[in-house]
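Next, two complexes with chain A in common: one pairs it with chain B, the other with chain C.
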Partner chain A sequence: MRSGHAWHDRHLGYFFVLPATLMLAAVLIFPAFITVKASITPEGGSGWNLTLVHYLKAFRDPVLWQTFKNTFAFVAWSLLGHFVLGLGLALALNQALPGQTFFRLVTLIPWTIPDVVAGILFRWVLNPIHGAMNPLIRLVFPSFPAEFQWLSNPTLAFPSVIVANIWRGYPLVMVMLLAGLMAIPRELYEAAAVDGAGKARRFFHITLPGLSTIILIALALDMVWEFRRFALVVAMTGGGPGTLTEVLSTLVYKTYFQFFTFEYASAMAILMSAVLFILSLPYIILVGREQ
Partner chain B sequence: MKSAALASEQRERRMDAVLSYGLLLLSVVFAIFPFVFMLSTSLKSEAEALSLPVTWIPKQFTLQAYSEMWTLKPFGSYFLNSIVVSGVTALLSTIVGALAGYGFSRFHFRGRTSLLAFFLATQMISGVLVIGPYFQILAALDLYNTLTGLIIAYVTICLPFAAWMSKGYFDSIPRELDEAGLVDGASRLQIFFRVICPIAVPGTVSTLLFAFLLAWQDLLWALCLISIDEKRTVTLGVAFLVGEFVIKWPMLTAASLIGSLPTILLYLFLQRYYVEGLARGAVKG
Partner chain C sequence: MPRGSRKWVVGALFIGFAIVLAVPAAAQVKIRFQTWHWGEKPWVNALDAFKDDFNKANPGIEVVRDESRYADKETVYTATSQAKAAADIAHFQHRPIPMFAERGYLLALDPFIEKEGGQKFLAQYDQAALEICKYKGKIYCLPDFVNPMGMLINMAHYKEVGLDPAKPPATWDQLVEYAKKLTTGSRYGIGLIGARQEGLFMRLNPFIWGAGGEYLTPDGKRSAMDTPEFLEGFKFYVELFTKYKVVPPGVIEQGAQEVRTQVAHEKVSMNISVPQAWKIVQAINPNMKVPETLTAVPVPAGPKKKVTAAEYGMRVISAYTKNPEAAWKVYKYWYSHDIQLRNFQIAAVLSARLDVKNGPEMQNDKFAKVYSAQAQYAKLEPRIPEWPKIGDAVITAVQEAFSGVKTPEQALKDAHASANRTLSGQ
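Right, the complex of A and B next:
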């Protein structure tokens, strides 16, 4: 009787999981194979006459190299900003000060809007003539140029996009770390205080170790998301001036739908996905280990 | 001695509070300053939005932009499209994903771990990997420029998410309930539908809403699969306003705000579930 159930159960598991698996295979795995195939097909070619010419072209393409570099810088600075602001705010919010619900909700707002809207917002705020940024700076520094260009300035365009992305992304790291902080037992701090441990010691010996898993998960996830970021850049700069704020998502999109070099775009998409896969491995391993 | 230690601890705590308030106040300004400017612009006339010097508070409040977005631009049909596409995607993903989540949570079949890892890995894929083939496939199936095509594409984002999110939720429901059902002679399917599903309603609702949000926020897919005005979603409609030769900022900011309203409200209400789900492996796309 019991073994009968067990036998039945093993197969019933497939029954529950099958619809989702088939659906994913149809809508995701099958198209992904077409991309792989297209990336090794000669331009305009068909059938099984395969070539690596698009990958060779990719390795010699300065725009693609530059875009990889941009994307890594974009991810690294965004992560740093999200972490510093997120941790600072989580520590501040964890003290249960009066008004903390208000502060938590307000500081959460940037995360709740679609990132295309975040891009539009900063494009408007940084508008050289009608935006809010220049008049605001001139309130404090009256000698600041009235029509200062942010997004068409080659040195400042990229940092501006990164700041916008930090603005949009820190709240999620903040709420994750706050949840981690609240899970650390208060008794640990009280015991440490009795033992005469100072603030720094308590932070490095209780807070950070207690947070380490959630910090890893938050940063690993954030890395994957920022690596894919698309709409914010499209709405804010469209990748310009030139290709200075281009990231991989926008470059692949343009190569498909504006330059119409389908096979080359496929090779770029594969390269991007390969790097993304490597970046997401830490998270997959971290979470997989717990299952 | 003791009182000195107490005093120094109190001083320390006061310092912490001062620092915390300082950081919180600065962050509040950082967080809402762009918003407030957007709100202010949306309440101005077009002439005032483009006049100098820039006004912080509209000299003349007007709701013109909020009415023009429905008349000059078909935001009504954009909203309808977004609601239909996000709603159907969310429903489909949540139902199929809940089945899978229950299967992963309760059964130990061969290949379970690999399949779980596969579902997790698919959440990490960028849509960019498959936009090209989608364009071709949907054109071949006459589904380019249709909401159906967009729904199929959004399933790729929402389904892995929904499966993982609901697995986590089912994991938190005690197995003893299933076992009690088995003892009573109910079949596994009966147990799923009659015992577990009713308990899982709150978790399922939050999965449904998150799937809805994921689809609602997308721009990439809509940009690649929709090229006619009457099939645009809200985010696509907003993005096209930026691309126009002369940008009508009051209307753009008004449309951005109204288009973000569902996401702002839902995220603020659901943040706790979301964070719990993240730690368990449920991810947004």
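Right, the complex of A and C next:
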């Protein structure tokens, strides 16, 4: 009887996590298995007649390689923008200023807006005829063209999407960095001030080292989010002009649902996941070390 | 609570739950009727009337609203079909029918059609449109509406600049000449689609084909987009924006609804459109007296031939419907004379049902008779499984040429190469 109770006590935790595990298996593991299987099935085929032809096609596909480049550029610039804007606002919001709580709430607003709504919002703002951007610029620079094209401009379309994405996503990084700043003991700053360290030295020798782990975690998580960004790009440009703003998620979507090549799209999705996993390794190793 | 009372309470709760659970089992069959038009005026009025009338006349079956969006209707149907949970009846244009039939998403209608009288039943519908519903010897849909493309022009704008609305542009040269005259400081001559959507082809193709271009070689095995004729039509469409500057800026961002909005707010004077566009324009701007302001005219003829594009609306029954008989009943009601006529009266679509198409209402309607007369010039793009990828390459080329990323020649050359790779299975 005593050993039965001991077994029960040792294994009770498994029963508590069983429902979540089953749900995870249903929404993550099973679809992942289906996707992997589809990626090694001949087009239009079924059963267990397997092939690597879709992966070979992917490695030879110039559109896929160009889209990888677009995606890396999109992610890199978005991360930089999120970090700079997020850190700047976090430093500002860490000051004891009047209305601190109000400003902390206001800076979170972009994060509360769904991706697709943010995309439509920016598409309207940047519309050359009806958008608000051109009239606003003309208030300061009257000679600015009245119907300047942003999203149809091959040079500005991609930066426009990135700016929209930076606006939409900076609060995640900001909140994490703000939490990290609040955890840095004030005594360190006071001691440094007593020793004659200026603001810049305090920032580089206290703030940044104190935030280093949080920065890595925030950017790693943000990278995963941005790599998968889909709705904002589709709502703003649909990947255009041409393929200038095409990213991996939009290409996979198009290949699957518009071209009806389910198997090749699955192979592209698996490759995307593999690259994302490799890029996430520093974060995984860091979290493992922390534990 | 005393133990005896507790038993009564539990028992009553159990009986109550049993009744609540049993009631749906005895309830009517629900048929999900999916279309993006539930979210569009004036179509939603026709749909609501259809739903209410059918439900009233058929107490055991309930038609329920199932919304999709134009941009991702195929996506939703694909995903839900893979989950074997697609809407019972769905609405598409003609392009995805072969793909869906190939994947087994559609119910073949032959058994139902046989019961209704076979060929005699099918003879009620536009035969050319009916051919599009056939795939590998089976019928997967009935044609709902056949919409050849025409052009809406703003008669007031024409008169303002000294043009006669009764003499619309009949050639490409006249189209450019009129569009230039109509382009003023705050208005543009013609609205075009440059957004990545299938509506782009219905505006582009009259120019491609009018110049004598074709997408494929006669044997259908290779791209024919490298011919001078194809380039001529492609360049003309692009140069309306880049060279003649008679199209509003941001053309790559403009889809069908954006251009109709421009017409409704009198930002453009001409628009290549489907027959129902004037009703949509009226719904966008109720203050615009559309029948007095706009009129329909044919798309100008190309240098080689007079040709236009067309949109075919089809409804399908899902292969995964749990109630095929009930779905067919709803489906047949949708395709009945009275409903098809009401759809025309409310939404201005040109029914593929011959007794409505040839009836006095459509024949005497100011807009319908012009669009209907274009049917003889209507043509469709290739109906092959590779078309979505080829079409995507063409849209990419159009956008690259519009934005100046590539010259029209280079953009088309790349699209041609991409199409050939697709056709060769790469």
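In this text, the second predicted complex is superposed on the first by the 279 of 291 C-alpha atoms of A that agree within 3 Å, B and C clash if a C-alpha of one lies under 4 Å from a C-alpha of the other, contacts with A are read in each partner's own complex, and residues count from 1 in each chain.
The rule is simple: a residue touches a chain if its C-beta (ideal position, glycine included) is under 8 Å from a C-beta of that chain, and two chains touch if they have at least 3 such contacts.
Small disclaimer: the values here were computed from a predicted structure and weren't measured.
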Simultaneous placement of chain C and chain B on chain A, clash or fit: clash
First, second, both or neither for A:G239, with chain B first and chain C second: second
Which partner, chain B or chain C, touches more chain A residues: B
Touched partner set for A:L248, first chain B, second chain C, both or neither: first
A:G13 touches, of chain B and chain C: first, second, both or neither? first
Contacts of A:Q258 with chain B and chain C, given as first, second, both or neither: second
Which of chain B and chain C A:I129 touches, first, second, both or neither: both
Chain B versus chain C as contact partner of A:K57, first or second or both or neither: second
First, second, both or neither for A:Q149, with chain B first and chain C second: second
Chain B clash site on chain C (candidates 1-9, 55-63 or 73-81): 73-81
Common interface positions of chain A, toward chain B and toward chain C: 123, 129, 253, 256-257
Complex contacts: residues of chain C adjacent to chain A: 72, 74-75, 78-79, 99, 103, 194-196, 248-253, 267, 385, 388-389, 392, 396-397, 399-400, 402-406, 411, 426
Of all residues in chain B, those that touch chain A in their complex: 9, 12, 16-17, 19-21, 23-24, 27-28, 30-35, 37-38, 41, 49-50, 52-54, 56, 96-97, 99-100, 102-104, 106-110, 112-113, 115-117, 119-122, 124-137, 152-153, 155-156, 159-160, 163, 182, 188, 192, 216-220, 223-224, 235, 238-239, 242, 249, 252-253, 256, 259-260, 263-264, 266-268, 271, 274-276, 278-281, 283-284
Interface residues, chain A side, partner chain B - complex: 5, 8-17, 19-21, 23-24, 27-28, 31-32, 34-35, 38, 85, 88-89, 91-93, 95, 97, 103, 105-117, 120-125, 129-132, 135, 167, 171, 175-176, 179, 193, 199, 214, 217-218, 221, 224-225, 227-228, 230-231, 234-235, 248-249, 252-253, 256-257, 262, 265-266, 269-270, 272-273, 276-277, 280, 283-284, 287-288, 290-291
Of all residues in chain A, those that touch chain C in their complex: 57, 60, 123, 127-129, 147-149, 151-154, 157, 237-244, 253-254, 256-261
